[in-house]
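Order as written gives the chain letters A, B and C; numbering starts at 1 within each chain.
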């Protein structure tokens, strides 16, 4: 932590004021359908970017090779509580905990906990909101791109070849420490693969990703079921505006739910054998003076869920304005219908806030 | 974390050796009165100042405006455990988590979790011990000034006008994430206001504060009851010594209990409809060579508690001596009678320690 | 966190890939003996050195005296979860939390949570693996040297006199905040002493340590039982290789278990009145080019355990190779028989990894 430092301390602090509503039919703890019209006007935080602080470093090992590490912690600015829980535990470095090697010639290898390839490569290309802005994020429609994080992962990403980059990761157990497997017994671990390709050069952005996890064999009913998701996205910058579009399919479950109002959809790494969801999005972003305006539509079209199988539609409009290189203000409005495929369940988010990067 | 840093890492480490006793009639888990004479001789910590580490930063936005943030974490030096829990969770940044804007011309606006105005403005003026030194702190007598912290708060403080400063804060939910409220249903949140004025110029210090919280409407019995507290304090520096005095009233409950021996009084934000407490304190501090000696008396006079309604009296004597600009040693002795208004329950604290700021 | 900083941010990040096996007879939750052959191939971490980050600082107080503090946090790189739990709580600074004074003339005094003297003085001299490399560590055979940490400790260590150093520490309660003791009642605290001497000069290393803790008097059966352990170790550097040897005895219980495969042995500070364990180790380390090779054998010979009383033997071989001053790669192989004194229970660890210090 001095001038010849070997570690960088960094983070993002993001807070604001907002209005949220969840309205429609929900199910209480006993499973009964009840009419609900929940509202909240108050402090919001982590909307533009999730709150975080972290330690990272790079050391030259010679021949262009570097040792690298990232330790990144998430938190809620309203309460100061850590995010990214594991069971009843709040993780210390829930956003990322990796050690690795990188070089311009050979690419980058990381070991530890981090986000999957779809969140890294697809989200920013398919949507102007990327992984940010709550229910406006690409991940609300494409669940494998919803800032999904895997524990115990090995990940390799190639160097950037004229705009092309390929990445692949494998997790020995996606959520929690890898368990021992008794010889001849069922595997208690959730194995996961994540892979993808992106091309970003001049005005063009392209991404294709594939994710798969296998439910623990020890699960009573769905043990060993493979949940799969692939996504393709494209963007083109016409200077006056950048267009974004994406398509994807998810089969047999759900990778990562997101929060609509006070409804957390589906948890993470949930199996629903036979479920099929097709996801679509188009979006646009455009510079407005020094700021930027963003708009998107996303639809997730389900078959074979246990519920209503209604199409979830999300319409979002956002604006960011830089106060400086590291600080900006933002406004967001987003309206979602048939949330979590439930007939006529609606979620509204309206907010303004400030984000500071350090 | 290098020379052109945008973040400052800071903290306080405080530990020592002490003797504590709690003696008198206490109530066991079954509610039976039992004689108790609990003693502890051993390590104490966080007596002069609570242990903490934090990250803070400031960025100039032009025209005298600055973006500011504070992330501050509390911990116990004896065990390394985080402080400021929320239910079963230990908060990461339990002392403060805010983002804001400030300027010399317009004052300071903050959003997030932080201490209330009474703890900021009143405690240091009414008592030479301020918010520090355990049961000697102003907050042991004036419960709304006991380092009370609110979640989800918006706070505005004016600039310092010739010594005058005014502040006001509102919390959408004082403890935990703000809950959604069903339309037509009761509000599950604890709303809180905190406001006050202070004047500090030359030898004179004056403070007046008002705090109010409203119990969640969803509480079975006390839902919606408003708990209120106002305090006034003054200090004058005669050079040879600084005199401190304070008076306050609390109605219908308790904002923040403190720890006497191993008794945590009353928890935080407790309702006791009809309870009335008047609080009084006088104190003095005086330089003794490079060090300082501090003495205070505080009395909280209750009516309408469920218990004994006995006057709680606290007599405290302390001394600090600087070893350097950032390190000091201290000694503290404090005796409290009728602790928590219980007849003849006595608490003694005697300790010496060292405090280091970084 | 800038050039004139008063705090240093530091840490170690360590991860790799490994194979682990635990094979033999184990006991299920109902206490029944079952055949088990648990295997795990996947990410390992904290093998060469446990993962950690911390804050530390030193301030000159004049006359050669310095104020010192260390706040050190442990974590799992695979999941980002904090280590060193206390009950259901993950400690923030579980590895160390101390404030103190030091001088070249008077030595060092620390107050707070830290490792005991056997872990500091004995482990590195008796074994080439010291406190590191999982089941290869000295602590797997000498349980009082297994990175044992005490809460609420006062510790004094002399300066280094021509290679001699003496240290002694006392903990008011070894695990968790010190409890109050009712007058005339049983003491609910675990008091612990740790002391030792080491001599390190030129090629010679010698260490002798003694540890003792007293079970809380409030324990129903074993209250007040004193568990004791002493160790002696020696090493000599023949340039071509350094030889290590150690002997020790533990009586009436166990200070700190370690993890063999997915078996956590015996927990921490466990009483087993009448249990006697003699511990032996020999080891060797030798430079191989810029790297180092290490090998050791350790045996713990029990009497009076409730179980099989079989001799636990551990055979370990390791290698480290520096990629730079702060980064190294390593390989480890270790085989243990009669793990935790259970007949024919075997544990295997094979792994390679990378460690980076910042």
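The rule we apply is simple: contacts are C-beta pairs under 8 Å (C-beta built on N, C-alpha and C of every residue); 3 or more make two chains touch, one makes a residue touch a chain.
Model, not experiment: these values are computed from the prediction.
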item	value
Degree value of the rotation bringing subunit A onto subunit C, based on Cα positions, nearest 5	120
Same or different contact residues where subunit B meets its copy subunit A, judged by the half mark	different
Chain centre separation in whole Å, for subunit B relative to subunit A (CA means)	39
Subunit B, residues touching no fewer than two other chains	1-3, 5, 7, 9, 73, 88, 90
Residues of subunit C that touch subunit A when the two form their complex	1-3, 5, 7-11, 13-17, 20, 22, 36-43, 45, 53, 73, 75-82, 88, 90, 261-262, 323-324, 326-327, 354, 356, 358
Residue numbers on subunit A that touch subunit C, as the complex places them	1-3, 5-7, 9, 55, 57, 59-62, 67, 69, 71, 73, 84, 86, 88-99, 101, 111-113, 151-154, 172-173, 176-184
